[in-house]
Structure formats: structure tokens, C-alpha cells
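Chain IDs A, B, C, D, E and F follow the sequence of writing; residue 1 opens each chain.
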Amino acid sequence: MSEMKKFLYLNRKAPYGTIYALESLEVVLIGAAFEQEVSLAFLDDGVFQLMNNQDASGTGMKGFSKTYRALGDYEVRKLYVETESLALRGLAVDDLMPITWEDEDEDYAEKPSIIPVSKAELAELIAGHDVVLSF
Amino acid sequence: MSEMKKFLYLNRKAPYGTIYALESLEVVLIGAAFEQEVSLAFLDDGVFQLMNNQDASGTGMKGFSKTYRALGDYEVRKLYVETESLALRGLAVDDLMPITWEDEDEDYAEKPSIIPVSKAELAELIAGHDVVLSF
Amino acid sequence: MSTLHTVNKSPYERNALKSCLDHVSSGDTVLLIEDGVLAARKGGAFVSALRDAGCLVCALGPDLSARGVAADVAEGIHVIDYGGFVDLAAAAKRVCAWL
Amino acid sequence: MSTLHTVNKSPYERNALKSCLDHVSSGDTVLLIEDGVLAARKGGAFVSALRDAGCLVCALGPDLSARGVAADVAEGIHVIDYGGFVDLAAAAKRVCAWL
Amino acid sequence: MRFALQINEGPYTHQASDTAYQFAKAALARGHEIFRVFFYHDGVNNGTRYTVPPQDDRNLQKLWSDLAEQHNVDLVVCIAAAQRRGILDANEAKRQGKDGDNIAPGFRISGLGQLIEAGIQADRLIVFGD
Amino acid sequence: MRFALQINEGPYTHQASDTAYQFAKAALARGHEIFRVFFYHDGVNNGTRYTVPPQDDRNLQKLWSDLAEQHNVDLVVCIAAAQRRGILDANEAKRQGKDGDNIAPGFRISGLGQLIEAGIQADRLIVFGD
């Protein structure tokens, strides 16, 4: 398993109504141990996965939004969010959770993990990865 | 169980991609024994359930379109099809299966079960039924 | 004789809300639940369709909170809890789910 | 370096086809499977979007037949079988499913 | 008032079972009756006792089983849907020659007629699905 | 060429498992290898031996089990997804204190790492879902 591959997780679904967001995250966490290059893309309703101030307690379901904030510790540092998807939903990057990673090379400076991209840039991202996992 | 209720089956999904169309039909067949008033409505992708010339053999799945033609024998004689849904999909009533029932009172004359309705008429139908089963 | 319509899908992903709104009668109520509440986020593309629905539009509070949109519900949408859902179902003559 | 995009949803019900077409690169192929083949029915509302896709569009024949639309496929859409699906997947660099 | 509920999706994958459960609890708290919960399509998968959800998560099967016991709610799993999806009680297992069963306490397997009957007997039938 | 398949939905409710099976058969017929089929989300429900589909319908569990036997295909059911949904093998049943198991022949329960490994080892990973 010496080959290095670039994995892209394509997240297009809202959280809680279905389990895909949660179980996608479980793959990301396990996958982080494999030392491949990993990127996450959030588009369409997938952008809702990163909403700030999620509180699922009233529904009886388990909240899992805090896990996104821990992704930096797993060296998952590239969370691409499509700006057209945000705009259609009346959202801006400021409505999303602040997600950061610590850059060891710069005295553990906190850097943002969320990277806004356009549709065209996301199309290029897909074309630049070896494996696309869709959720 | 002496009370007589009007049941409306709301069919909005295409056949084969999911099982809802097939399992909806199974409810209709069982429900026919209960001597309630039964109507079926086909709208949105539900209109594809009634397409003529369905042949599922190449997919490995079981075809079930012939069952719609047998509904008349179960005294299910009202299949409302929304014309706006047909038009958006490039379809006309002629693209659907010929489905008929035999009128005992008119020397077993074959009469069409498919009744084209507009959106507005379908809204009235919903408002005129006691129980709406959605598939 | 009114109907309670439930919509549990995001209007950005599916046609359920549109189809529901095309089939409401006057005096009906539309209740957004599960991912359906995403339509209620202010600034979103479906807020005007809800305003023009011509009937009462409600959204389930616990589902709004889960998705982080409870503080930003568009004007005119009534937020209720599960008890309110029960009351709406009891008050209507029938419940129609747009799945 | 091309991508095979699969779309298995009806474009009338979900936004998967639209989202897919918004993200194809030149040289890619779009393959309609399962309920996705409903987009290929001539006269339908999404035929022009497929024509303007700017890439090869294929549809799975057995799925067209199951849904009674095999005889009415819009011009320009290539009908293939499961073996053809395998060939497309092998020829592309990656497969991206629009679920 | 008498409510009947239909649940079309399995636990965890879709929210349908969660929403139906919260609805049932709220209805009972308001003094209403839950005449029957009918599990159809993948909904039959709510009725397996083999699930082991994560310890910090809700256990939907147990929530339904407890509700049935405490409030005498009739939990009916559709037999035709259950056969396709591998939900069996002891009788069905014997009849089908299977070596075990997986139905959870408080659930019973019966026919689609139970859904129609629920539609007739209840004041309102509410469908929860995908 | 080495293919790996991921199946996200259970049998019968969605066409995903059918399409994946037809793809696998066609790939094998063309001389390709199916390195692994990974069952995730509700896809784990393909791996129960308790299903009894109608006699005139296909038996998806059996089709997969037979394919695994004839072509040495590795059928992996995700353990985390399986626990939520009630799919158990004998080991898991014992570990979780359950009184039986329902895994079908040719299927094995393992971790999500098997999916990542499939993505690394195979030339193409293809996802079938809802």
C-alpha cells in the first residue's frame, strides 16, 4: 500500500434528515490513518453540514457537528465549500463553523480549514483527484 | 369497521429506481378487499409508473406493470393522472398503458380507468378524501 | 375540511415542497419538518414561494435547531414543537405527506 | 484524465443531474442510470440541458427499457448496456457518482 | 383522538422513525391514543433486536419497544415487506426454514390489511418516510 | 483492471444493489477483477441470510453470495454501519451479547479501513447509492 492517492469526499446532503453526512465523517476519520491526501468538498445541501450553532438535542438524535472542528487534528485540512451553493441558500462563510488547523511550521498558528471555491474550481478539483467518494 | 372512508393513494415516484411504486400497488390490492372507496393519483414522476411497454428483464428486477391493468378486476377504477406532470415529461395519455374496467351495468362495456386531471383538480381530490397514503 | 401537508425534504434537493405548494387548498396548513425546514432559512431561494403559498406555513423548531437555522427563520413562518405538530394534525381533517 | 459521472436520479425529482452538469470538465462522460435515464426521454424538460452539456451523454439501455422509454430516447444520447458501463469506467480516470 | 402512524424507513438512515417517535410521545402526553404504528418498506428494519447503536446514541428499537409496553401501542411490521428485508419472528422463521429470528419485543408481524384497518379505525393516519 | 464497488443501499428498496450486481457480472465477463464490494450505510442489509423474497423475484443476497463463491469476490459489510442496522456474524453476536446472527454466506464484517484500502488498491472505485 505504498501508492499515494488523492481522495475527495463529495458531500451533497443536509445533515440529520439522513445519516449520510454522519457516516461520511466516520469514513474521513478512519481514512485519515491511511496517510493519503484527503480533501472534503461541500456543495448543494452539503454546505448545511458546516452550519454554526447546530443543536440536535430536541430531535432525540445525536449531534455530531463538533467532529468537523476536530478534523484538523486528523490532518484533514482542506474543506472546500462551494460559494454558489451557499448563496442560493442565503448563506455566507460567516454562517459556518470556524474550523481551523494548527500549522506546526509556523509556531502552531491557527489557519482556516474552510476554503471557499466556485463551481468551476470544484469541477477542477474533481478532475484532480484519484478517488471520489460520494455521500 | 362499518364506517366507509375514502382512501387516496398518492404516487409521486418513478418505478424500479425505488420500490415504493411496487409496494404501493401491494397495498392497493390488499386494500381493495376492505370495500372502501379507493382512488389512485399519479403525479410528478409517479406518472412513469403507468408507461406503456415497460420491460424490466434486462435489469434483473421483476416487472410489475401488468398489475396496473388488473386493477379493474379489484374494483379499483379511478386512476387520476396529472396532465401538467405528463406535459413536463414530454408525455401524453397515449404513452400510458390502456387500463380499463368492465361496467356490469352496461353489458360489461370496457371503460377507461385513467382519468386525466389538472393540478387544481388534483388539489380538490386531496381535499375530498378521508385518508391520504403517500408513496 | 382542511388538510395538514407535511414536507420533510430540502427544496434545494427535491421537488416535494414545490409539488406540495402546487396542491394546497385555501385554509390548509403546510408544516416543514426534518430537512424540509431548510426552506425556512431567511435569504434562501424558497422564502418567497412560502410567503406566496396562500396558507399558514409552520416549521418544526427542533429540526430548525438541529440544522443551525433556528435563529434565522424567515418572517411569517410559525415555529412549533412536536406538541404543536400533534395539535395541527388533530385540527386538520387529514394529513398529506409529500415524501 | 477524464471523469465518468453517473447520475441515478430523476431530474424531475432531484437536483443531481443539474449539479452533475454544473461540474463536468471537457472530455468527461455523463452516464444516466436507474431513474436517471428519465432525463433522456424525448420531449422532456431536461433534453436541452443534456444537449448543451458539452460532453458525451450515455444512458443505460436496460434501465430505459424497464421504464418504457427505450423507443423514445432523445437524439444525441448514446444507449449502452452494462458491459458498456464497465468499458466507460475503465476508460475514465475516475468515476464520480451524483447520488 | 386516535392516531395511526406509518413509518416507511429504517432507523438511523432516515429521520422518519425519530420524527414519528417524537410525534407519538407528544400525542400520548396530550392524552391522545396511538392506535397503531405500521412499519412498511424499509420501516420494518426498526423491528430487529439485533441492532447495537453507539452507546452515546439513541436506541430506536428500544425506544419503540418501551413505548409499546408503557402505552400499549400496537407495533405492526408488514409481513411482505419484512420477508424481502430479513425481519422474522419465530413463526415466520419456522415457516420459511430459517435458523433464527430477529424480531424485537413489542413488535408483531402481520399483513397489509392492518394498515388499511388503521386508516379506517383511526381519526388520522400520518405517514413518515423518505 | 481491478474494480472496487461501494453499495450504500439495502436490497429491493433501491436499485443500487441490482445495478452494482449487473456491473460486477459484466466486468467479470470482460475479464476484469472485482477486488472488493464494500457494503455501507443501509447497504449492509444486503448481507442478511434472513430474507425471503417472493419466489418469482430475484434473491439479491443469494446472487451476491453465489458471485462471491464463483469468482472469489470479497464482500465486506461495514461493522459500524452493521451495528446500527442489526447485521451480525457469530463473533459480533457473542461480543454484543445477542442470541443469534444473520450474516449470509460469503459476506464478512470488517472496518471502514477496508473501504479506504479498496480505494487505494483498486484502479477504480464505483459508488452505487440512493
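Just so it is clear, a contact is a pair of C-beta atoms (placed from the backbone, for glycine too) under 8 Å apart; a residue touches a chain by one contact, two chains touch by 3 or more.
What you see is a predicted model, and the numbers here were worked out from it, not measured in a lab.
Novice: Under the touch criterion given at the top, what is the topological distance in steps from chain C to chain F?
Specialist: 2
Novice: Give me the set of chains touching chain A intersected with the set touching chain D.
Specialist: Shared contacts of chain A and chain D: C, F.
Novice: Sort out for me whether B-C or C-E is joined by the greater number of C-beta contact pairs.
Specialist: Contact tally favours C-E.
Novice: Which chain lies the greatest distance away from chain D when centres are computed from Cα atoms alone?
Specialist: E
Novice: By mean C-alpha coordinates, which chain is most distant from chain A?
Specialist: Of all the other chains, the one whose centre lies farthest from chain A is B.
Novice: How many angstrom lie between the CA centroids of chain D and chain F, rounded to a whole number?
Specialist: 25
Novice: When the C-alpha atoms of chain B and chain D are each averaged to a single point, how far apart are the two points in Å?
Specialist: Computed from C-alpha means, the inter-chain centre distance equals 28 Å.
Novice: Indicate the residues of chain D shared as contacts by at least two other chains.
Specialist: Only 8, 12-13, 15, 34-35, 62, 81, 94-95, 97, 99 qualify.
Novice: What residues in chain B touch two or more of the other chains?
Specialist: Residues 16-19, 44, 59, 61, 131-132, 134.
Novice: Which positions in chain E touch two or more other chains at once?
Specialist: Within chain E, residues 8, 12-13, 15, 19, 22, 41, 54, 125, 127, 129-130 contact more than one other chain.
Novice: So which chains end up touching which?
Specialist: Between chains, contact exists in these pairs: A-C, A-D, A-E, A-F, B-C, B-D, B-E, B-F, C-D, C-E, D-F, E-F.
Novice: Note which residues of chain D are touching chain B in the complex, please.
Specialist: Spelled out, the residues of chain D in touch with chain B are 8-10, 12-13, 34-35, 38, 41-45, 47, 61-63, 65-71, 81.
Novice: Report the residues of chain E in contact with chain C in the complex, numbered from low to high.
Specialist: 1, 3, 8, 15-16, 19, 22-23, 25-27, 29-30, 32, 123-130
Novice: Would you pull the chain A residues touching chain C in the complex into a rising list?
Specialist: Per the touch definition, chain A meets chain C at residues 13-18, 44-45, 48, 51-59, 61, 63, 65, 88-91, 95.
Novice: Give every residue of chain E touching chain A within the complex, in rising order.
Specialist: For this pair, the touching residues of chain E are 12-15, 18-19, 21-22, 54, 56-58, 63, 130.
Novice: Which residues of chain A touch chain D once you look at their complex with the stated criterion?
Specialist: 10, 12, 43-44, 119, 122-124, 126-127, 129-132, 134-135
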